[in-house]
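Labels run A, B, C and D following the written order; every chain starts at residue 1.
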Amino acid sequence: MSSKPFAITLKPGTSLANLTGTWRTARPQYVDRLPPCNHACPAGENIQGWLFHAESGDYEQAWRVLTISNPLPAVMGRVCYHPCETACNRGQLDEAVGINSVERFLGDEAIKRDWKFDAPAAASGKKVLVVGAGPSGLSAAYHLARMGHRVEIQEAGPLAGGMMRFGIPKYRLPREVLDAEVQRILDLGVTLKLNSKVVNIEQSMQQGGFDAAFLAVGAHIGKRTFIPAGDATKIVDAVSVLRSMEGEDKPMLGRRVVVYGGGNTAIDVARTAKRLGATEAIIVYRRTREKMPAHDFEVEEALQEGVLIKWLSTIKQAGEGEITVEKMALDEKGFPQPTGEFETLAADSVVLALGQDVDLSLLDGLSGLEIKDGTVQVAANMMTGHPGIFAGGDMVPSERTVTVGVGHGKKAARNIDAWLRGIAYEPGPKHEIATFDKLNPWYYSDADKTVRPMLDIIRRQTSFDEVQGGLDETNALFEARRCLSCGNCFECDNCYGVCPDNAVIKLGPGKRFEFNYDYCKGCGLCVVECPCGAIKMVPEDI
Amino acid sequence: MFQVRIHGRGGQGVVTATEMLSVAAFEEGRHAQAFPSFGSERTGAPVVAFCRIDDKEIRLREPIMEPDALIIQDPTLLHQIDVFAGLKTNGYVLINTHHSFEEIGLGDFARGHPPERLCTLAATALGLKHIGRPIPNMPLLAGFAALSGLIRLESVVKAINQKFSGKIAEGNVAAATEAYESVKKEMEERAHA
Amino acid sequence: MLKQTEGSKAVAEAIALCRPEVICAYPISPQTHIVEALGEMVKSGELTPCEFINVESEFAAMSVAIGSSAAGARSYTATASQGLLFMVEAVYNAAGLGLPIVMTVANRAIGAPINIWNDHSDSLSQRDSGWMQLFAETNQEAVDLHIQAFRLAEELSMPVMVCMDGFILTHAFERVDIPSQEQVDSYLPPFDPRQVLDPAEPVSIGAMVGPEAFMEVKYLAHAKQMQALGLIQQLASEFRTTFGRDSGGLVRTYRADDAETMVVAMGSVLGTIKDTVDEMRDEGHKIGVLGITSYRPFPQREVRAALQNCKRFVVLEKSLAVGMGGIAATDVRMAVTGSGLKGFTAIAGLGGRAIPKASLHRLFREVEQEDLAPVTFLDLDRDAVNKQLEREKQTRRSGPIAENILYDKGISSTAKFG
Amino acid sequence: MPYQPVKFYQTGTFTVGNRLLAPDERSVQSSRMRSNSINSGHRACQGCGEALGARYAIDAAMAASDGQLIAVNATGCLEVFSTPYPESSWQVPWIHSLFGNAPAVATGVAAAMKVKGRQEVRVVAQGGDGGTTDIGFGCLSGMFERNDDVLYICYDNEAYMNTGVQRSSATPPAARTATTMPVGPEPGNVFGQGKNVPEIAMAHGIPYVATATVADLRDLEYKVRKAMSMHGARYIQIFVPCPLGFGTASHDTIRIARLARETGMFPVFEAEHGEVTGVLKIRHKVAVEEYLQPQKRFAHLFGKHPHPETVARLQAIADRNIRKYGLLEKESD
């Protein structure tokens, strides 16, 4: 170099000696924010996490990440009301990612390819009794088994599945799917005892030598209301109707069926009635469509199939072959008030879909329990007032859905595990939610949601074939790739690319990035241009 | 040192003529220096060029103010500028015209000058005849060789062949030769007269 | 090989013998014949490998040369007058970057008034640009200096300007000995750049240098030119060995041994001066000549040595420091500081004004008599300037000077018909 | 074929990198092997668009030339912040000569490479808008006209930023600069006739002319790669917002560039031999206000004494660009 002109001619790349990091007043930091989907998932699924793998076509890995939280993706992919999609940031861009459909695809794929769960951790020597083989019980059993505990499920009914089997019609959840996912859980070594109703939990635990118990007996007793009725009128409850669908003898509802109620069960029964041959299936609901608790898409599907709905109506009387309904009107507070106007509807049967109660008889005499509004009160760790006895699902105060049940099972399992070890389960710190304003959606291309194929309308009205089809591989991949990866680095290289100071170090596939604070001037470009909001600026301590 | 000044108009090959003169002299082993009057030469504008010939190195860089010889390539200049300025007593004068000195109004001048130093030559016509263009410079150069005896015709021919080739060289050589012969003849006739 | 040829053509041939790799050309009188000849040689394949680039301005010409030189190609261009001024920024830049470009300046006056004829105002305006400047006395020397210039430039990695009087030399047909390719090759080795743009070994050329090092950079440029004082002499001596001719060097004296009066000058006017001096010597005047070949670097020691034995000297220069006097004269006088010599400055030949022997005779006699102003203007039409000065005293809007003077001299068309 | 955005992978379609692309489809900037032609430690302002644009462009050119590249730089911010003695940020052979001569210096370098038979070595010249559209314009035009084998890249930040934000011929109408202050009845820069240098370049009929922005990396890299695949004079003008001169937050550099394109204020297109061959369509058209408002240089058009008529004139300019270059997707598409 000495022979080259002094000062004017310089060695290349020597500016590395100039540490421009000293200019900075704020520094970027990589963060993992909580994606709204994950936040909204009652089952606590790491949705963004499993979509990340699905995006690359690694469905098995996606399924494995999914089933860390939920052992029933094929079921959930059918019956979950997917609050994740309601929360999905993509909904503000075009349409929410079809998380549910990808989940179903993964679940179906797992069944098709016969993927098994990884073998459980080393045996803990502890034994846990799970009462009830519904979603909550199966979920708890699954998680406990994977933690190394011995699990026995005692189920009162003849088959596992609980409400998944006895509450959800086949056309929404084919039974072979349910059976496959239940079997995979049992394959972990979980013992399932059918037709084995627990009448006294303390006794059962003592007899079986169980160290803890998880109660998830569900809510199977249909609520009744008083309707003056003649003997000729057939009045049944919805739970019974749906349960009997699983038996040999299908329920006899007649040609004109009136369903009373406005929940998802009311819809299920009406649609079932239609499939059983009813020429008329009328839902009578006392309020308006907006107030109806049933999910909109279910209402929509029902209407497509020819189910009729009478809004703002209550059943006053049931006679022979007909019922009398009174028209209602909403008061200023939005409550329905009787108007005194009446009309009659032809009806061969009236199905009451007014909610369910829990059979709490197995808890009789158990100390420390608190029962309120027909449900068992549990602490934050899902434990009842009686040490070692945990409860979840429909029998505790909550929204009664399969997904919530699965979530309870997982949460309870973690707490039971901690309790068995004599410690308290400490959930990890809740990350800040990756709200839409944290994203830079420019970087995602416009891609509308893939619509799942729908069964032909005639077949839907006449058969119990599954109404909604699944995605094929291409569609599922497309759908997975619509994920914005909110709050979590998906290694798009934007920070690495947009830094004018080359102050981002790319660590390689799967290893993400780190900042080179020697040169980072703190301009914040990486933060703003991060598509998914996985970087934040924090002030320097100056 | 012998100094030649050539007057003409842009496009008539005035500068080339001095250059060729210098080349011819060089061919005879002499030192020569040719240079133009350094104007922005435009076709038709008056142009002056110079040539010095000597037997030793020429260092002088002044314009030729007292020429030993004048070549006037365009007689119309006679009425426009003082082409004779500084001409040495008994200096050579060669004018491109088919007229006589008398006919172009230089009778008085001619009468006060030794006749063997004066000559006119219809060089433009020779140019047209042999080269096909009204370029009088080479015939004049050859005529000057004949008039002054300063250089030989062969040297002019050599210079022409260095500068030009093919048809143009041939034409120029022919024009120069005819001019040389013509002037030679006229001078002989005049000597005998 | 001896030739009767035009100065520009001879220089072009000499440049071609130096195997330039990139030549940039923009037309300006009186340098055009040089690049025209080179352009033809490149196009015909006679000069190869070489890139001949017709640029859109002198600024671009020098800039292209900067690029090509920095990329390791031997680079050449030629200019004059306004062209040199138009490229000034790049001229300084080439020197600052230490790029060994060789450029011919066919010296010509600078306007306004626009004037295409010879003087030294253009080169001398670039006195401080960092370029070395060598002045040719004859076309032979112009040829020789170009060959030496490439070696000088490349050994020091600094650019060199070879200055030759426009028209007087560039357009003069005279006898020139053009060396052979073998001779030039043995004298001038291939260009081995001191710095080069090459992907194999990247460097950053042209950094911004702040107060902490700028002085040093400039000092080093100065130190290089001081080194050049020795190198120029060495190269001239080697040139003599190879080519058998005296050319170049720093200064040359003529009949100076016992001279009481010395005439100092640069360029082709030295020929006329020498003829004048010969005539004066014949008449018994003790007068001699000092020709300066290397104007930059300025050979102070050699100038002082050449003048130390005389009694007086006059610097005759074709340039004017308006508001001061001589440009070269200032340097010469600086060189003899403290010697007690009587020094005069004669401004001559501006804008192509002829410098005739007769005028020089008159001037040198006045110098001998020390009977002239310290700064004098050779053959100045006192009458014309006095009239204009008088006019300006009287009226504010006295009209354009040049026009007025032509009118006074009776040579303008308005004089005839106005 | 004009630039086709990657469509199959929605997540990160427009991002720098994309873990699911085949290696040969990945951007140069996403590579750990990118040359970082301009290294860390340079003294550009925080969020400098020009530093970013230069690395994008020169890295792409390095990739396209297999590292056989020489860069010439005009005076300006890029030069000053990259090579203050004793440190240089450049990792490519690089020369800076003057403000107005980069195209000519590059011509010289290219000539040297040609004469030395090293035609694998490619030459890039670069400068800001002042050095390109104003003071270097003569040399640029000369280089185009001769069709010298040089890719000239203009980093356009619409004013003389190095000297303290003075107006250049690339400064948009109404913009405040130090020499077009927001005072008087028509505040900011005049509504002149404009000086569309890409179109002037096209008028030279040179093989390739393109515009690009730092907000559209893949398009930018495509254009550099395409330019490098050709010989002769080529010109790319890259829009590089300057936080200082625009009066924008340092983190908004790319957003502003994106808005310049999405409003139509900076049309992004390419042309071969004088004819437009492709445009980068606007994805979500927005009104010019969205582009203007975040910039302090246009602040006088809003606020207490707004100039809606001036904003409308700027919108008209954007609309004209949209029409002229066909920047919107057709409804049927």
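Please note the rule applied: a contact is a pair of C-beta atoms (placed from the backbone, for glycine too) under 8 Å apart; a residue touches a chain by one contact, two chains touch by 3 or more.
The shown structure was predicted, so the numbers you read here are calculated from the model rather than taken from an experiment.
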Task = Pick out whichever of the two, B-C or C-D, is joined by more C-beta pairs in contact.
result = C-D
Inquiry  = Need the CA-centroid distance for the pair chain C / chain D, whole Å please.
reply    = 44
Key: Centre distance in Å when chain B and chain C are each reduced to the mean of their C-alpha atoms   = 34
Message = From the mean C-alpha coordinate of chain A to that of chain D, what's the distance rounded to whole Å?
response = 49
Task = Report the inter-chain centroid distance for chain A and chain B in whole angstrom, where each centroid is the mean of the CA atoms.
result = 113
Ask   = Residues of chain D that touch two or more other chains: which are they?
value = 82-83, 85-86, 88, 90-94
Inquiry  = Multi-chain contacts only, two chains or more: what residues does chain B have there?
reply    = none
Query = Among the residues of chain C, which are close enough to touch at least two other chains?
reply = 97, 202-207, 209, 213
Task = Determine which chains touch and list them pairwise.
result = A-C, A-D, B-C, C-D
Note = chain C contacts chain D in the complex at 21-22, 24, 49-51, 53-57, 59-73, 75, 89-90, 93, 97, 197-199, 201-210, 212-213
Note = So, in the complex, the side of chain C touching chain B is made of residues 4, 6, 29-30, 116-118, 138, 165-168, 171-175, 268-272, 274-275, 352, 354-357
For the chain D and chain C complex, residues of the former touching the latter = 67-70, 72-73, 79-80, 82-86, 88, 90-98, 100-101, 103-117, 121, 138-139, 141-142, 145-146, 148
Inquiry  = Which residues of chain D touch chain A once you look at their complex with the stated criterion?
reply    = 5, 7, 9-20, 27, 29-30, 32, 36, 38-44, 46-49, 51-52, 55, 82-83, 85-94, 217, 243, 249-255, 258, 283
Ask   = Within the complex, which stretch of chain C touches chain A?
value = 96-98, 157, 194-195, 202-207, 209, 213-214, 216-217, 220
